[in-house]
Amino acid sequence: MNMTFNDLLPLMPILLVTATAVLAMVVIGIRRSYAMTASITITGLLLAAVMAAILMPGTNRQVTPLLIIDQYSLFFTVIICAAAMFIAIFSFPYLSNLDDDKEEYFLLLGIATIGAVVMVSSTHFISTVLGLETLSMSLYGMVAYPLHSKNSATHPLEASVKYLVLSAAASGFMLFGMALVYAQTGTLAFSSLLSAGAGISEGYSIAALLLISAGIAFKLSLAPFHMWTPDVYEGSPLPATTYLATIGKAAMFVVLLRFVEISGALNFTSVVVVFSLIAVLSILAGNLLALLQNNLKRILAYSSIAHMGYLLIAVIASFFAEGTISIEAVTFYLLAYVIMSLGAFGVASVVSTSKSEFDDIADYQGLFWRAPWLAAIFTCMLLSLAGIPLTVGFIAKFYVFMAGVESGLWVLLAALVIGSGIGLYYYLRIVYCMLTPATDKTPLPFSGVESLSSHSVLAILFVLLLVLGVYPAPVMAIIETISAFI
Amino acid sequence: MILVVLIGVLFVGGVIAWISERINPDYPRLIALVAVLLDLLLMVILLSGSAGSEAQWLASIDAQWMPRFGISFYLAADGLSGLLLLLTAFLGVIAVGSAWDEIKDRPGFFYFNLLWTLAGVLGVFTALDLFLFFFFWEVMLIPMYFIIAIWGHENKNYAAMKFFLFTQVSGMLMLISILVLAYFHYIQFGTFSFNYHDLLAVSTGGELEMWVMLGFFIAFTTKLPSIPFHSWLPDAHSQAPTAGSVILAGVLLKTGAYGLIRFAVPLFPEASLAFAPVAMTLAAISILYCAKVAFAQSDIKRLIAYTSVSHMGFVTLGIYAWNEQALQGAVMTMLAHGLSAAALFMLAGSLQHRIHTRNMQDMGGFWPKVPHMATVALFFSIAALGMPGLGNFIGEFLALLGAFQSNITLTVISAFGLIFASVYSLWVIQKIFHGEFASTNFDDSQLTDLSRREMVYFGAMMLGLVWMGMYPQTFLDMSAAALGGLLAGSQELVTSVVQN
Amino acid sequence: MESIPIEHGLILAGILFTLGLIGVLTRRNIVFVLMSLEIMLNASGLAFIVASARWGHAEGQVMFLMILTLAAAEVAVGLGLIIQVYRRYQTVDINVLSEMKG
Amino acid sequence: MMLLFYLAAAIAVISTAAVIVQTNIVHALIYLILSLLAVAVIFYVLGAPFAALLEAIVYAGAIMVLFLFVIMMLNLGQHTRDEERSWMTMQVWIAPSIMAAILLAQLVNVLSQYDQELTPVRVGVLEVSALLFGPYVLAVELASILLLAGLVSAYHLAKK
Amino acid sequence: MLDLIWLLPTFSLLGFLSLVLTAGTLPKRIAAIIGAGSVGLSFAVAVIIAIQFLGSGEEYFVKEVWTWMSVGSLNAGFSFYLDGLSLTMMLVITGIGFLIHLYATGYMDDDPGFSRFFAYMNLFVAAMLMLVLGDNLILLYLGWEGVGLCSYLLIGFWYTNPENGYAARKAFVVTRVGDTSMAIGLFLLFAQLGTLNIQDLMYAAETQWAVGSGLAVAVSLLILGGAVGKSAQLPLQTWLPDAMAGPTPISALIHAATMVTAGVYLVARTHILFELAPTVQLLVAWIGLITLLMAGFTALTQSDIKRILAYSTMSQIGYMFLALGVGAWSASVFHLMTHAFFKALLFLASGTVILSLHHEQNIFKMGGVRKQLPVSFWSFLIGSLALTAFPFTSGYFSKDEILLAALELDGPGLWLWMGGVLGAFFTGLYTFRLFFVVFFGDNKGHEPTQEVGGWNMSWPLFVLMVGALLAGFIGLPLDAVFGGHGEEEHDVSALIHGIMIAAPLLGIGIAYLFYYSKTFSVDKLMASPLAKSLHKFWFSGWGMDALYNWLFVYPFLWLARINKDDLVDKLYAFVVVLSRAAHAMIVKTQTGYLRWYALSVATGLVLILTLGVLL
């Protein structure tokens, strides 16, 4: 399974992203230019996304034991690269007034994207760990990025330390679990745990699985491993939060999906029970925590906890249901989640800069009348997160419901209903806040540079949100095809 | 195709109305009026064109939407839908009228929401794909939420939130039920389908059927509303601007009843039969309990809201009696209540517009000041208490008459609602218009009689009610075929169950 | 060579892992926390080596190498953060980092 | 050999335990290095000389020196030691100890179910590098990217 | 011409519409012409129709104007049914109605709500005609509710006084209790017999139900419920005295001559059902008897002129019920007709008195107005004589027949007769108490200068006087309706006749002694505490109002008050509180301390491991 020349083509997206990062580094080395670095990164990510999209239809290749470049991974490569590009575009105006070296941020963003793409292409522990750690390592830097700035709007240092310590501990769990799995199966590739080796009990496999699951659950901020999420989201600069919330989650979830499917983890009843418990806890805890929260980033953090819980339902369903509906559900939901989170954080990014962030709900008071365009997008994104029709979030939730119904997971569905009900409350709180007339104390809608490109990104996301919400059939067809690869 | 046009006109009209505000703040209302009038016209053409035909479906369109799940864009209207479409368009015109002077603030967005709500309702009344139905079911909520949350009164946030939460959460239960049905179709026929006709053929059976039915039932009775899911309504109604209340009471509540007739019962005939006593009990409790609570209110809009719950109880009662008279009664009650409740909310709204209070304790003796308004109010109060000769009577009488054949005890209990209705209806008239005029608690300088334009709207509604009351056959004939079809579909099964 | 029960190797890793975890949970000094994290990672590495020995593979050793890399990178970033914490708060007490909550 | 394994294991456990209870940070670091060296011995016993070497050089050597640098840089002297003492109260230990005890019990429970004897086979640097620069060449590349990420992050964070 | 029967209600309805749509903008004179004229036209048409119908010799005539509602097996048309009974009612309604309208044009002359008044009145006539002409029970119900509505509107006509409003609502709600019972009866009939057409129903009931069958009993009880509500019989009689809050012509038309007798009409109309349920029929008799006695006692104690007349109306309707109960259908309707004349006369006469005395209604503040108000005096005298069944007045004939019919009944007949006779005695007593107090003796309050009103007020009185005297000689064409039960020669002894004639005369005599000659003193009689409390008891209408207040009104108000905020809503409020509490609790876990978070992660791990391994 050594590399051959033919492997290079499927690797093109990864190579392109890598080249982008390297080029950015070189350019920084030669002459620091903020605009230059940013445009290199954006262009590179765009090329990678396009490349992945071009490759997608016919590609299905195992590139060394580490990477599997199939339609599924390419689909997510497209999503990740595009999302990373969007975040880069949001970041540019956001960071433009930072009183520090700004170029490395884009370098980190590029490297993080490499990690994420590796993760979605991985069915092997080594690539998983490397991808994950590359992503995390860059994120530590991105989260803490403005820490030298005297008047940073956030708490980057605190966020980064919390993230690093806890994340490293979680990595430890995951690695230990992987070691146990390796001890059982004798291979580092994902493989079935069902045929336990001689002298190995079921409990051993379960413990190994759960150790890995705990690590993954931490990264996905599933309860009870969720507590870092709001603090890190709040403390990070908005574009980094966005990255963490979208790409970080999506890539990790693909790993979880692949791992669970290949290892047959759900054949163990106790794993199903534990997963269900985690799902229910996440849904309830996430939504309840967000209920009366006033900090927008924390709300979105808590809501992401709940959303990961919803997604986990679909994962659990994949064991019970025949066909690929639950895989499709996960896939579509992730796509939807990335779109709506990007949109929601994007709006916040657009009105914020590194020196002053719009992170209190009250900051958005009257936005509907002062910046109707932004408010409309924000509202739609929030409604989408709440799963209201006409938006992609509804179709996504529909998928999850479908998966749940097919598998007869009534308790989980009940949690989903209750959770969504609570969720509505806090999403609507934000919407309502935008509707009420502004007071004198409300800051102006734009604290920084108004960037045309950021607005166009928002427009793209908005269109995607609506188109996928109203006519998702083509995407559904694609997802149905690619889900067969899991 | 005409159905798509009907809905499309409103969607597009809404967007244009919104945009046109930039040109001139008076344009939105004109555009909205044109859009709803156009819809009304189209509907009249549609309905009159098919008056003689025996075909069950007056118009339909079926296009693939999400083939992965067998979801199609399937709209169709039969007589039942037709009636409700007509009601919707008619009240749409009325709602635009009632907002004409009231909404000065951001009119573009207001009419956008109004038209979109109406479009959603039209969709609900015509969708025959259950996914599409659910889609529209939810679509109509959001603009309504905005209407309440932006143009509502003092406690609008609470009311709008409550409205949204109730309908959404119950809607999710319905979604689960719909999915279970689709899944059962998959199990039994090998494909997913959300098509109404396909799902009618699905037999869920057993205990599960009851649970699935309950999903629908809860969603629909929340919207209807019926005890114990009614408590969003008084808040929503009292806080909404007049046009919002008109649409809410006149049209939105009817979607729940429509859902029960079209979906909840036909899809689950056995479970519905078993559940009928419970549903009818809830209806009876709604009728009496809410009539009593209505009487205790001092906020006039809250009072009317509770009476709505009470009246919609007759609808539930009629639907679960499931025979021709009862169903026709339910449908007639829906139509008549649509007009009478809408008119009462408009009256309350115009009062509030004039004296800036809804508290009846502050009112009294308005008759000489506003004789026209008083007469109109008297008319609609009397309609609400079920005076023969007006539409509400036909509906409630037929509903009770039909219900009596299926459950005597509950019908008798419900009939007491007629007494309670007279208590609160007359109390309102007494409190507001009778007695000595006293204006100590409000500024009476604005207390003027109804304008000519308002009189036209009220006149139209009065005519409608009299028409329904004196010659209901127009409406009964329209829905007869549709209801007959629904009845026939479940009759066989029900009789076999009864015999066993 | 004599044979070693594999579970003993794994249990040793487990013990070290747990000790590392205790360190993370108890110490307030960030440097200690970081050291404890290293212990945990090292324990995982040990487990891989043990498993690798069980199968007579080199794969586990490759994984160990990767863990080593990862530990090095993590320490670098972590220590960088510690320096910043110390610079800002003049202490290495981890509890000073609790401005965000709720 | 077996004796060596258990001896090294005992040293590793004891010195690791010493790390987490130490109040003097430099002592703790020394214990940690001891522990890592003991683990290196175990690696060797298990037939992984290359890993043992790396453990000793990179882990016990390079990484720990990094720690030492930082400790010196921050000048964590006597006063931090007193501070450490004051932080080491009983109650701080209760919950973690209980948790750790349960966790350990769980781990020992499941791990002891792995009922296999192993006869260490020497898997030397040759095999490892054959693997590294064969099928796992991408891992090496990725590891370099990982280090790059760490480098850039650390560079950005640690600068003045 | 018979086909034009639909014109009857139409005229009034048009009158109503034109008055309402012009909304009081018409000059008074035109409003009066429309208001009274439309009823006059109706009367004219009614007379022509009556002549034609009687001339044709047909038993009945049906005219369907349009299909009202046709749902499944239910088929109700807007169709009119004419036979002897409805013919009688139709003539009474339009005839007396016209007279009262005419009178009202004078009586209401200075009222600002003049045109509103006539609008309501016209609507009432239209509804009442629907009631009596309706071919099916739904149409009848339409009229039934319609008259109730008009009654409500007219009682509360002077709306500025909240008490009038209260009386109006009380009237409506109390009668609605009866209406509801009747509606349920309709449902039961339809459920059992599959039609609501009256004639078909009667036929079907007769052929399908055995005498005394449970269904017949239930149905007739339910219908009786409606009848007692509308006709102010026990136990739903309490609204009628309060209904006197309306203008006096209303009291004459609605609460004396026509609407309150609708119950009698209903029972007569559905008499076959009652014949199928003898127990219920007997109950009707007893209800009539008890009501007539109770009302008689109460009338004796009242001081308000209109209330006295109201109680007397109750009492007279009691007689009609008695007649219905003993199967004397024709006698009942006959009494209904005569009663319409003399009671309308009495009310209208009292109206002139009241108006002349500037709206004074307390008889003890009147007195001696005989000279100043001659027309009223004579009207009152004739009316009173007819009311007390003075020989050869109209009341004499009708009451006579009722009592004789009661006597003929086996079993309780004698008791019913004795009760009836006792009632007749009381009638004489309270009627002439009123008469003597008002028209004789000294004036104790207002001194009227002259009788108010022009020809439009006095002419109706003259016509009614003639009617009250002579209506007893009219023979009603009811035989076909009641299957020959109508005119029968009663073969009873002279003693019986003597007693029946003597009883009211005795009453008159006693009234004379107490209130005219003052031979006996009422004050002396009233001295004892027992008498006082009895008086109080009777004065309050046997405490029925208080009883109902305690039984129904207060509990309802109490329930309404304590549950104003809707208990169910509290349930949801609790959910909100719960979620907030849960939020408050769980948000405490977000302490911001890294070590705590780490502990939570570790705990989570331990938790899932334990769960996973143990399960």
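Lettered A, B, C, D and E in written order, each chain numbered from 1.
The definition used in the following text is that contacts are C-beta pairs under 8 Å (C-beta built on N, C-alpha and C of every residue); 3 or more make two chains touch, one makes a residue touch a chain.
Everything numeric here is computed off the predicted structure, so don't read it as measured data.
Looking at chain D and chain E, the chains that touch each of them are A, C. Chains that touch both chain C and chain D are the following: A, E. Relative to the centroid of every protein C-alpha atom shown, the closest chain centre, again from C-alpha atoms, is found for B.
Ranked by C-beta contact pairs, the top pair of chains is C-D.
With centres computed as the average of Cα coordinates, no chain lies farther from chain D than E. Here the spacing of chain A and chain C, counted between their Cα centres, is 26 Å.
As a whole-number value, the distance joining the C-alpha centres of chain B and chain C reads 64 Å. Chain B and chain D, compared by their mean Cα positions, are separated by 70 Å. In terms of their C-alpha centroids, the spacing between chain A and chain E amounts to 77 Å.
Residue positions of chain E touching 2 or more other chains, listed in rising order: 587, 590, 592, 594, 598-599, 602-603, 605, 609, 613. The set of chain D residues touching two or more other chains comprises 95-96, 99-100, 103, 106-107, 109-111, 113-116, 136, 139, 143, 146, 149-150, 153-155, 157.
Residue positions of chain A touching 2 or more other chains, listed in rising order: 126, 130, 133, 137, 140-141, 144, 147, 160-162, 165, 169, 180, 183, 203, 206-207, 230-231, 293.
Here the chains touching each other pair up as A-B, A-C, A-D, A-E, B-E, C-D, C-E, D-E. In the complex of the two chains, the chain C residues touching chain E come out as 21, 24-26, 28, 94-95, 97-102.
The part of chain E that touches chain C in the complex is made up of residues 587, 590-595, 598-599, 602. Listing the residues of chain E that touch chain A in their complex gives 579-580, 582-584, 586-587, 589-590, 592, 594, 596-598, 600-605, 607-609, 611-615. Those residues of chain B lying in contact with chain E across their complex are 162, 227-228, 230-231, 234, 292-293, 295-297, 306, 323-325, 328, 365, 367, 371-372, 375, 382, 387-389, 393-394, 397-398, 400-401, 404-405, 408, 411-412, 415-416, 418-419, 422-423, 426-427, 430, 433-436, 470-473, 476, 480. Touching chain D in their complex are the following residues of chain C: 1-12, 14-23, 25-29, 31-32, 34-36, 38-39, 42, 45-46, 49-50, 52-54, 56-62, 64-66, 68-77, 79-84, 86, 92-93.
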